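Please see the structure below; I have some questions.
Note that the chains take the letters A, B, C, D, E, F, G, H, I, J, K and L in the order they are written out, and that residue 1 is the start of every chain.
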Amino acid sequence: MPKILLIQGANMVHLGKREPQFYGTTTARELDALVTGWARERGVTLEIYYTNVEGEAINRIYRALDEGFDGLLMNPAGFTHAGYALRDCIKGAALPYVEVHMTNVEKREIKSVLGVAAEGVVAGFGTTSYRLGLDALLDVLERRRAALRQLA
Amino acid sequence: MPKILLIQGANMVHLGKREPQFYGTTTARELDALVTGWARERGVTLEIYYTNVEGEAINRIYRALDEGFDGLLMNPAGFTHAGYALRDCIKGAALPYVEVHMTNVEKREIKSVLGVAAEGVVAGFGTTSYRLGLDALLDVLERRRAALRQLA
Amino acid sequence: MPKILLIQGANMVHLGKREPQFYGTTTARELDALVTGWARERGVTLEIYYTNVEGEAINRIYRALDEGFDGLLMNPAGFTHAGYALRDCIKGAALPYVEVHMTNVEKREIKSVLGVAAEGVVAGFGTTSYRLGLDALLDVLERRRAALRQLA
Amino acid sequence: MPKILLIQGANMVHLGKREPQFYGTTTARELDALVTGWARERGVTLEIYYTNVEGEAINRIYRALDEGFDGLLMNPAGFTHAGYALRDCIKGAALPYVEVHMTNVEKREIKSVLGVAAEGVVAGFGTTSYRLGLDALLDVLERRRAALRQLA
Amino acid sequence: MPKILLIQGANMVHLGKREPQFYGTTTARELDALVTGWARERGVTLEIYYTNVEGEAINRIYRALDEGFDGLLMNPAGFTHAGYALRDCIKGAALPYVEVHMTNVEKREIKSVLGVAAEGVVAGFGTTSYRLGLDALLDVLERRRAALRQLA
Amino acid sequence: MPKILLIQGANMVHLGKREPQFYGTTTARELDALVTGWARERGVTLEIYYTNVEGEAINRIYRALDEGFDGLLMNPAGFTHAGYALRDCIKGAALPYVEVHMTNVEKREIKSVLGVAAEGVVAGFGTTSYRLGLDALLDVLERRRAALRQLA
Amino acid sequence: MPKILLIQGANMVHLGKREPQFYGTTTARELDALVTGWARERGVTLEIYYTNVEGEAINRIYRALDEGFDGLLMNPAGFTHAGYALRDCIKGAALPYVEVHMTNVEKREIKSVLGVAAEGVVAGFGTTSYRLGLDALLDVLERRRAALRQLA
Amino acid sequence: MPKILLIQGANMVHLGKREPQFYGTTTARELDALVTGWARERGVTLEIYYTNVEGEAINRIYRALDEGFDGLLMNPAGFTHAGYALRDCIKGAALPYVEVHMTNVEKREIKSVLGVAAEGVVAGFGTTSYRLGLDALLDVLERRRAALRQLA
Amino acid sequence: MPKILLIQGANMVHLGKREPQFYGTTTARELDALVTGWARERGVTLEIYYTNVEGEAINRIYRALDEGFDGLLMNPAGFTHAGYALRDCIKGAALPYVEVHMTNVEKREIKSVLGVAAEGVVAGFGTTSYRLGLDALLDVLERRRAALRQLA
Amino acid sequence: MPKILLIQGANMVHLGKREPQFYGTTTARELDALVTGWARERGVTLEIYYTNVEGEAINRIYRALDEGFDGLLMNPAGFTHAGYALRDCIKGAALPYVEVHMTNVEKREIKSVLGVAAEGVVAGFGTTSYRLGLDALLDVLERRRAALRQLA
Amino acid sequence: MPKILLIQGANMVHLGKREPQFYGTTTARELDALVTGWARERGVTLEIYYTNVEGEAINRIYRALDEGFDGLLMNPAGFTHAGYALRDCIKGAALPYVEVHMTNVEKREIKSVLGVAAEGVVAGFGTTSYRLGLDALLDVLERRRAALRQLA
Amino acid sequence: MPKILLIQGANMVHLGKREPQFYGTTTARELDALVTGWARERGVTLEIYYTNVEGEAINRIYRALDEGFDGLLMNPAGFTHAGYALRDCIKGAALPYVEVHMTNVEKREIKSVLGVAAEGVVAGFGTTSYRLGLDALLDVLERRRAALRQLA
């Protein structure tokens, strides 16, 4: 049963209260319920962590390594633009990382500095981006396990 | 029952024969079988179109408008770098478009000129990118139908 | 009686069906009728050629050289952004070329790579751009004939 | 009977005396006669204003607003490169503006900072650029009147 | 006996008819005779393929892989500026590629996007560029065979 | 009686102790007294918050939304250069924001990434920048109230 | 009693008649009354000078030096983009300069070339920018006088 | 006896009163006396013209053409940065132009847009730059006369 | 006996566990022992502070000023890319700062935004960078003391 | 019997001892033997000159002009990146120049500043680049002689 | 007993006579004595080589390879900005290279093109940079020997 | 009697033999005679030094310092583009430097990296540039002596 950490980056805690033209009206709490439900359906242990401080996200990821998490799902949100320290952290950590964005960041001319550290990116599908990102991460973990089995 | 066009851009027909370090060993034919299977499971009518000629992709999209297709899934592949005419075509057409890439293009420092015309992007998960892209496109279509019902 | 080739570049065949805020609601067929009428009034033999494939436009231009055409009118449309091969073709061909755009491309921050190969450019006046472009091309041809007469 | 202001920007007063390889040998006076003739044929009241001082062009445009002019035709000439104040003036004024250049400025790698404030641009056809620009401006005015009639 | 495909890119079919100051007066037909002669002298099976459509060049290369060609000689010509899809095709294909240009492209400030996919480049020697390119490609093939023999 | 939050960004707590050639010798404590006095004179409830951690500034702003603050005055100081997450926070929050700088940042070639989220900016007048910024913010709030009254 | 020159740069004379979405509906005349009133309340002798010609603004500033003015308040408006000669003039003149803009120029991606010559900048508060700019300039003058008294 | 026009560009009239660290303490009047003396010694008819308005400089140059001037000496000063219209004027006029600067503009990272229209440039020697520039211009004129004599 | 603060920036706490190809296998704890040993040998009081939060590093530096520290040694690590607030802090603080990196950052195309605030930089020698950095900082402090003695 | 100078630029003397993954294991001495042999087969007088000093290469070229050399073959090697003085020398000299590189410099993202001074370039074929470059240079010389004969 | 070559690049021979604000008053001769002393203390055979000619530095390095030197210490000085040939030489040579600068080059906005070829860099500590650079190079050599012993 | 060193940079020794369209037909020897004559007329001891090696120019300048030269006149020629080491040398040396170019380098889009180290620049007047440069340098020396006398 895979154990996944979901980090919600800067400003995500305020979801549903700001810029609904971009992010819709679902609140952070409602989104948590959605993602928790999707995790349960897929037999995944999920922990959700919100922070507005980049260094706290880094701290959380290092703790996750010790706690045996299998993968990281993250919407970097406000950290997307200049989160270089966070990027270095993820590149160094062995935790597979899938990046999600609710909006099509490319259309808004936003460049994620974290993308180079990701297995892949899902962007533009509102709350559904989280469900697809979860599926993508599970697929990555499954392929890794398969590759390991083959080596054994 | 939604009707979806999948366009495989320049060089995709040769999948599995070139650069396996990036694209794996699945052939175009095997990928077709996979995607067709996923479409069938989801009750989707899917047509797959391969071309190495950008203008033929444009021609195919305009025909799709007349034939009542509901959405476009595309891996622009070789058209990713300079497919401006294709981008204009998609921006002009009313067909919702989801872009997929087998590799994490950002990691390889490739910038898609087509991304600004997409609802969203899924990149980096090998053949699974197509399954997630299909799910994403269905979600987009469902939300559009829901919005229309509300207006009625 | 001058013989003129009008090339309608990528996406023009779909005129009137896409982005009416930019291009109005006149369809390609209606535009053909307009331009044909203007040509008839001016005693011009006009052939209209639509294509979404850049190389087909190049082929058409080389054929036009053999068929004795006197000038080229073109709305490069989708080829505007990256039509370098088409530009090389026109620079090499002896056919005087007038470029037309229905919209003021400069206002939309679009840079035509073909402009350097043109006698001149008319942009921003909707379907009227074609009428003015035709007049401009006829003027260019007339001045060339006058210059030749003077040499004789 | 439309009332149009033609502004000839910096250095135009010296036409025919400088750089004939670009601008031909027609003098400013001869060009005035040509344009005045074209205006008369089209039933247009035309006033021609020459200036080498950008701010005087701005002053003239504001006066034109008070005097009931319907449109502005301008060859910015020497103001093309850095006429930002003039551009702001035109953007602010309600007077439809058509920009003309005798040469194909794009071929000479000249970028007009005023183009974004224009309805459209005609460039590259020598003195004929003025005739085409006049036709283009009349067409713009006619379409505006038609739109107003429809609203009434 | 090595089997080599020579692709003549966009606008090459018109050789000898356009821009003689750059390309001389040899026609495409005459060049074919020259290159065919050089191939015969060197015991090479040569097929020459002209196209103005980038995607057709890609199609031809994939067919060449199936037909057992040993190497690709190409003058990308009009594809030089933006032939990214063609570049991806060559990078993916196992066919050794030598690029030739009749002119010294660097002197004309032209940057080939295809160069990174080539074994090497010969540019600037008119029709002789083809003879040198052929020799270069044969040398590449010979060295590969030698390396293989050493492994065996 | 308007309620205003003043955020003093990174390094401001050390005011008066660092770079007096730029910032003078007034200490943070003395500045607090000044600003508090100006607030009292204007009948404003003011809370001053110092932080060197960008995420804490974000946290404080979200709390301010819940606590019924009417406006935000901020000297981003060290956050000026790369405070993208803070900028996203302010853009999303409904709190009117006025930005102040003690120095003329433009003269020192510093570009604020936060400026695009502000109603306006006051820069270059030492501690007086705060007094002017306060007046500016009160003016913004008054105009908003007036606009609302008009709608009612 | 300080003597201050207010220069209203290119296009300001037309205030209230152009682009009300940016500049509101207050006319130049009404603004004059406002600013004159604020000057009177603060015991300031104020002269207002409008010009659309950059060189005339320069002339006015040099005259102001001879006439004993103490400071310069200016909304460069149309001179903001390329007023380099004006900037050199201000840098050379000993007159303290405060720059005001009615709009938040940064939000509109406008860069003032004059900002480096200013004591400070006030931007974004409509007509209130003038009142704040006046207060800022008086504060600058007061601090200078205080510094001089200390030296004496 | 050669007839030379000396134009002193924007802000030069204020020489000796501004930025003595760059321009010394010689006033415009004193400089006039110096240059007039040098002209007299060399048998040159010299007229000095000061202006802060770029368009007036253009007007003066066109008048000079009619008045039979042989050459133009100019310190563009404030027009150095963006005097494109002035540059176009000089390029068009047949008057040989020598550019002078009192300071080494390159050291101050100033790029003259007028330099491309000059025979040559003398920069960095204070008032001596004018004497050297005068000598340089006389030399240019002498060489031209010699070349004409040879043709006759 | 000099008192030195060593700050280990973002991700350093995880040393030895991430990217051993760059950073080797020495852990943070082992590095602490090494550096502490070197400090003891040199008679230096050393305090080591790890943090992943940029603002906490700033807080620590301001505290160090109050606690009488003589110098700052820092490996900015994850703060290297965008630690502008930290840079402003160091520039403002009077504490001499020596920057160390375990890898040759230049070779990895990493640009430190903090370098401009340092006395000097030591990069590329693994854990030895710390020993050299300590020696460098002691040398800086010694030279300062010598200079002060000379003044006294 | 043509007389050709071969210049081997900076670092070439060390061939075969450095970076064999790029340059193979042939030593400078062995390469000399190869090239000398090719020259003898083609009836060419060849002189080979090695230098690590750019100015010595320039000196050698000027001497070659006096000694009646017919052409220059050069591998600029270390001078490729910034050999501007050498480039100016070749552009000024009448000696036809063919540039050779053992590696495909474009693939390694190296831009030759000397290419603009060459007749043409051969790059990427190891030691064979010299043989092809020699053939190319002979062809250039032959065509020049033919052109001269035609004029006579 | 390691054998180390110290190269002092362009202008270093004049140390102590130029720009003391950057480089202090120690002369080249005094520095030689310092460095020779440090080398003796550490049991190192040191040879110091001064040159203002980049190619001579290259020549010296190749000779050093033949003479059995173990490492290279260099202050590239004037070669820092454009010493590409020297950089290629060092990259090709097997000699470990440590780069030293007396000043913090980053603070002076100087970018070393040689840094990418170095093991590491020490910059900013005056003559002490040499002592630290020597220690760094000895550490590099020691680690290499240790690695070799482990393999044996 | 001032003592002046004239350095003729890379390629100048070949003057009169290369690119007469730029540099005329005067040979280096003839130019020497001209400049020597001008020096004699002005009572100047002049030494002329030609070199194609940048480092030799640096060596010559350092020797000149020891030999009591008063000033440096130089045409950097081929060193103009990348002579950074030479620039550092001149910046460090106390010798006043005047830069001369025979052509108007700005017109040819050549940027001198040495200009920032010069008192001033004279460019564009053929051999006359040297005479004017000599006059300029004498003027600089005279002004320095005058300033010294005033201090005494």
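Details
The rule we apply is simple: contacts are C-beta pairs under 8 Å (C-beta built on N, C-alpha and C of every residue); 3 or more make two chains touch, one makes a residue touch a chain.
As the structure is a computational prediction, the values presented were derived from the model and not from experiment.
Taking A-B and J-K together, the chain pair joined by more C-beta contacts is A-B.
Looking for a copy of the F-I interface in A-B, H-L or C-E, one arrives at C-E, which has over half of the same contact pairs by residue number. The distance from the centre of subunit F to the centre of subunit G, with each centre set as the mean of the Cα atoms, comes to 24 Å. Here the CA centre of subunit D is 33 Å from the CA centre of subunit G. Each chain gets one centre point, the mean of its Cα atoms, and the points for subunit E and subunit K are 47 Å apart.
For subunit K, residues touching at least two other chains, in rising order: 53-56, 82. Chain contact summary for the complex, subunit H toward subunit G: residues 9-11, 13-14, 17-19, 51-56, 77-82.
For subunit K in complex with subunit J, the touching residues are 53-56, 58-59, 62, 65, 82, 84-86, 88-89, 91-93. On the side of subunit G, the complex with subunit F involves touching residues 104, 106-107, 112, 115-116, 118-126, 128-129, 131-132, 135-136, 139-140, 143.
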